[in-house]
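Order as written gives the chain letters A, B, C and D; numbering starts at 1 within each chain.
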Amino acid sequence: MAIAKKSVVWGVFAAGGTVAAFLFPALIALFGLVASGTVPEGLEYANLHGFASTWIGKIILFFVISLALWHAAHRLRVVFHDFGVRKDKIVAKAVYLVAAIGTLLTAYYLFAIG
Amino acid sequence: MSKRTLDIEVLRYDPEQDTEPHFMSYQVPCEEDWAILDALNYIKEELDTTLAFRWSCHMMVCGSCGMMVNGEPVLTCKTFVRDLPKDVRIEPLENFPIERDLVVVLDDVMEKLQMAKPYIIRKDPPPENEEFNQPRSALYKFKQYTMCVNCMCCYSACPQYALDSSFIGPAVLALAHRYNIDSRDQGKSERLDILADHDGVWNCSFVGACSEVCPKNVDPAAALQQMKIDGAKAYWLQKLPGGKS
Amino acid sequence: MSRNPYVRPVSPTTWYMRNGRYIKYMLREVTCLLVGFYSFFLICVLAILAGGSEERWLAFLASQQNAFWLAFHVIALLFYLVYMTFDWFQLAPKAMPLQVGEQKVPPAFIVAAHYVAWAVVTALVFLLAGVF
Amino acid sequence: METIHADVVIVGAGGAGLRAAIAIAETDPSLEIALISKVYPMRSHTCAAEGGAAGVKGADDSLEMHFNDTVSGGDWLCDQEVVEYFVSQASRELIQLEHWGCPWSREDDGSVAVRPFGGMKKKRTWYAADKSGFHILHTLFQTSLQFPSIKRYDEYFALDLLHKDGKCRGVVAMEMRSGRFFAYHAPAVIMASGGAGQVFPFTTNGAVKTGDGMAMAYRAGIPLKDMEFVQYHPTGLPGTGILLTEGCRGEGGILVNKNGYRYLQDYGMGPETPIGSPVLKTMELGPRDRLSQAFWHEQKKGNTVETPWGHSVLLDMRHLGEKKINERLPLVRELASSYVGHDPVKEPVPVRPVIHFMMGGIDTNLNGETQMPGLFAIGETACSGLHGANRLGSNSLTDLLVSGKRSADRASAYAKETGRSEDNPTLRAQAEDIVGNVRGLLQRSGGGETTAGVRREMRDSLESGAGIYRDEKGAQATCDKVAELHERFQGIEVNDKSNVFNTDLQQLLELRNLLDVAETVAEGSLQRRESRGAHQRLDFVGRDDENFLKHSLAFREPKGRPRIEWLDVTITRSQPGVRDYSGGKDK
């Protein structure tokens, strides 16, 4: 017997959960603000684009988005199980695949922003 | 002392007669300061000697009197009549097969207990003719996890165990963690190899119900999360050059 | 005849209806949908930025400015705070207990520290975003 | 009936039984051990022990002093070679437990902490807060899980011994969950079935302590020794009888009567010591027999407090402060708050003497050997002569380990020497008999008696005739009553006819054992016409070394009351003297 690979996803899940717990309320609030009609300065095109063009900005965005994705994916796997879907292997493949695609897209777009 | 009569519904099951369990009602004149266990003993002595249930110490340490009282897994010697409504429903611990009446089959957890290797594992011999030195700070790290009375209430509360009984479960994993973090022990990696595998600690989704119902404040949920962290760390350590694979 | 242990059935799909604490747990777990949603939402934002055209960005912002999205974000925020963020903080001391010498740091203290840190982070994000 | 062969059968998986099992498994893994227990090991009543286990620790302490405390505490009825061996092994066993992971409380420097205990001249009681027995039991149980040669039979109720040609050959037991019977054949049987406090109405002893092992041995012709010595613990919670450990007083708790007066100074345990700094071996740290007797007198004088649960005195721990109580006596706080609604941090807690421990038991020597070759007995069910007429608190837990280890060594040697027992017609017939007897109990009908009814009368009778103070008339009445109840036992019907977990039947079987034990307690109380230790006769005040520096041995008679024989006490170096608890004046 050996320590299961699940420990790896679990580690990412935990890290992602922490990121999501701390940052996402603020992000949701920002989009809420946009929806209410006021676009905060930071979300103006130039500022946002500027931020995403810096290395530090890229690194932050990459980690926040991808960790949160893996957090969501892992939890979703459990949710499927908890709602009675017992094809864990397939579920796991599916949710992690989506997370992986999201991670790649994030990296790709961040690159593309230049 | 004043009495209070409770209407107690007890789930009964006689495997030799019944195809499934059914409730039976008893009116029990309780003393004010009784625990539910006293009411059960009253039933057994005065009303119906055929009722089967386990108990021994009547002082919250032997762990044998765990049952569902009004839907919650509790020690019946620690659950007082004064804190209950007039209608009380007593059932055997959930998530275990019913052997008879309020007695459940515990084989599964008893077997799992063995898997946790709940004993000190040493690579070096212990000090000769004297005790290990263990500062209180080291003792208090794991002390809480030594308080488990094996009442199995946490197993009754844990939905992951309910959904899939191959999960090793809260009390056993907490006990393994207790030894893992005991300064005298050197068997952590041996235990993690078994317990951080499938069916082990990863099947816990941190519902936390185990800790909410634990009558001894063991907080198995905490132990399990810490064990996950230890497991994840150990995984990478094994991957490192020089680590065992 | 003798032993014949009776196994009580557990419904794999509706088990959580048995007890309030399970329902609460399930609400926490489904917050993952929100995390997933907003993650992809952010990826969309990146995609637009990567497109390099300000018009498209403004069009995107405009498409956001309506009652539906406002309601969505407000509800999402409340739900998220209660069942994800605060819950996560509540459970943090279990996963990472602190002990100073012989004394366990009270869990309430650790939880409180999380709230403070969260407030700081949130303020920082707002500051960066130019909300104030 | 199924037959199971083993090299050693151990009946009882409490502290004593588990220690013995581990000792055998460690020294010779080839020996198969069958460990039978009527409850899961961790439910055994060792878990209830709170205060701690004695073993010389400090540099200022010595084996000699532990020996002297034990012998004088036992009012010189101790067999001194047993005591000598016991004190010499005590600390080694406690260290062994530490190596196995027992979470002993610690001093500032990280060494194991010791606390003062009643009747002990030095601090030598090792403790794990106030759950010492609990931690000892769980440490032993968990440690035992690593030995594949220990085969457990949990929730098997042992019924009676198998023996042939005067040698013990095994035991018959019933699996509770199936009602099936099993004959265990083994050359060596170790009885570790615990005490018998349930013969009394008001006790700290759990439901499991029904003297089964004592009764099994007694029925097999082996005498029970010193059964008249029954210890009352001075501080039980009124109502439930739940124990508040002697550790309460060890840490500095005081006993007062309704006038707030520390009455112990009136009973040879003065002078009064300062509150909060207890002095060893005096006042509240006197021995249990003396403290319980003092309560009796206070009650007679009308100095006790009336509570909803009867007369009590008050145990005041408020001056210890919340921090110390939480650290050292958390269980006590929880128990007192839950069961009598008094938080010891804020108010004194009502307490009263309560039946606690059987000094007597199956007659054994230092090795745990009984008069029947092949049968060993250890722990509370045995009487090796260690505790004499009054056990000192915290000597018992240590005894489980010391006697468990020693007799395990003897039993494995004996088992190897003797070889496996064969199935043979005599034993088979005996086993059938035992089983037939139980089936008979199950099947009989009619008769207006109930288990609960007969049990209650037995208990009340023991309390009135064999309680803290006894006299000829009362003891005689109890003997007669128990004999009568033996008859009436035949009129009890078992309502429950099920094979599965039939606790109705189990309680009846336990009652049979209790009645057997009860008759020896009563008879001993009647025939020991002196006052010594826990046995106090109002009509024979004072110790009578001339006639009674002897163990009583109760033999079962096929008809009628038990026969008592007397056996000399082994004295090696301490001649009977005065038990002095007036504050450090003795040598």
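Rule of thumb we're sticking to: contacts are C-beta pairs under 8 Å (C-beta built on N, C-alpha and C of every residue); 3 or more make two chains touch, one makes a residue touch a chain.
Owing to the predicted nature of the structure, the values given are computational and were not obtained by experimental measurement.
A.B. asks: Touching both chain A and chain B: give me those chains, sorted by label.
C.D. replies: Touches both chain A and chain B: C.
A.B. asks: Would you say B-D or C-D is joined by more C-beta pairs in contact?
C.D. replies: Of C-D and B-D, more C-beta pairs in contact link B-D.
A.B. asks: Distance from the CA centroid of chain C to that of chain D, rounded to the nearest Å?
C.D. replies: Distance between chain centres, rounded to whole Å: 56 Å.
A.B. asks: Could you put a whole-Å number on the gap between the CA centroids of chain B and chain D?
C.D. replies: Each chain's C-alpha centroid was found; their separation is 28 Å.
A.B. asks: From the C-alpha centre of chain B to that of chain C, how far is it in Å?
C.D. replies: 30
A.B. asks: If you average the Cα atoms of chain A and of chain D to get two centres, how far apart are those centres in Å?
C.D. replies: Averaging C-alpha atoms per chain gives centres 63 Å apart.
A.B. asks: Please set out, as single numbers or ranges, the residues of chain B touching at least two other chains.
C.D. replies: 15-16, 99, 105, 136, 159, 163, 205, 228-229
A.B. asks: When you check chain D against every other chain, which residues touch at least two of them?
C.D. replies: In chain D, the residues touching two or more other chains are 177, 499-500.
A.B. asks: Among the residues of chain C, which are close enough to touch at least two other chains?
C.D. replies: Those would be 2-3, 12, 16, 29, 95.
A.B. asks: Between which chains is there touch?
C.D. replies: Listed in label order, the chain pairs in contact are A-B, A-C, B-C, B-D, C-D.
A.B. asks: Please give the residue numbers of chain D that touch chain B in the complex, ascending.
C.D. replies: Per the stated touch rule, the residues are 39-40, 42-45, 47-48, 92, 95, 98-101, 103-106, 108-112, 131, 134-135, 138, 142-143, 145-146, 154, 177, 206-208, 239-240, 242-243, 308, 331, 334-335, 338-341, 450-452, 494-496, 498-504, 507.
A.B. asks: Under the stated contact criterion, what part of chain C meets chain B in this complex?
C.D. replies: 1-8, 10, 12, 15-16, 18-19, 21-22, 25, 29, 91, 93-97, 99, 101-104
A.B. asks: For the complex, give me every residue of chain B touching chain C.
C.D. replies: Spelled out, the residues of chain B in touch with chain C are 13, 15-16, 20-21, 71, 94-95, 97-99, 105, 136-137, 140-141, 159, 162-163, 205-209, 211-212, 219, 221-222, 225-226, 228-229.
A.B. asks: Would you pull the chain A residues touching chain C in the complex into a rising list?
C.D. replies: 14, 16-18, 20-37, 39-43, 45-49, 51-52, 61, 64-65, 68-69, 71-76, 78-79, 82-84, 86, 102, 105-106, 108-110, 112-113
A.B. asks: Given the complex with chain A, which residues does chain C contribute to the contact?
C.D. replies: Those in contact with chain A are residues 11-13, 16, 26, 29-36, 38-43, 45-47, 49-50, 52, 54, 57-58, 61, 64-66, 69-70, 72-74, 76-77, 80-81, 84-85, 88-89, 95, 117-118, 121-122, 125-126, 128-131.
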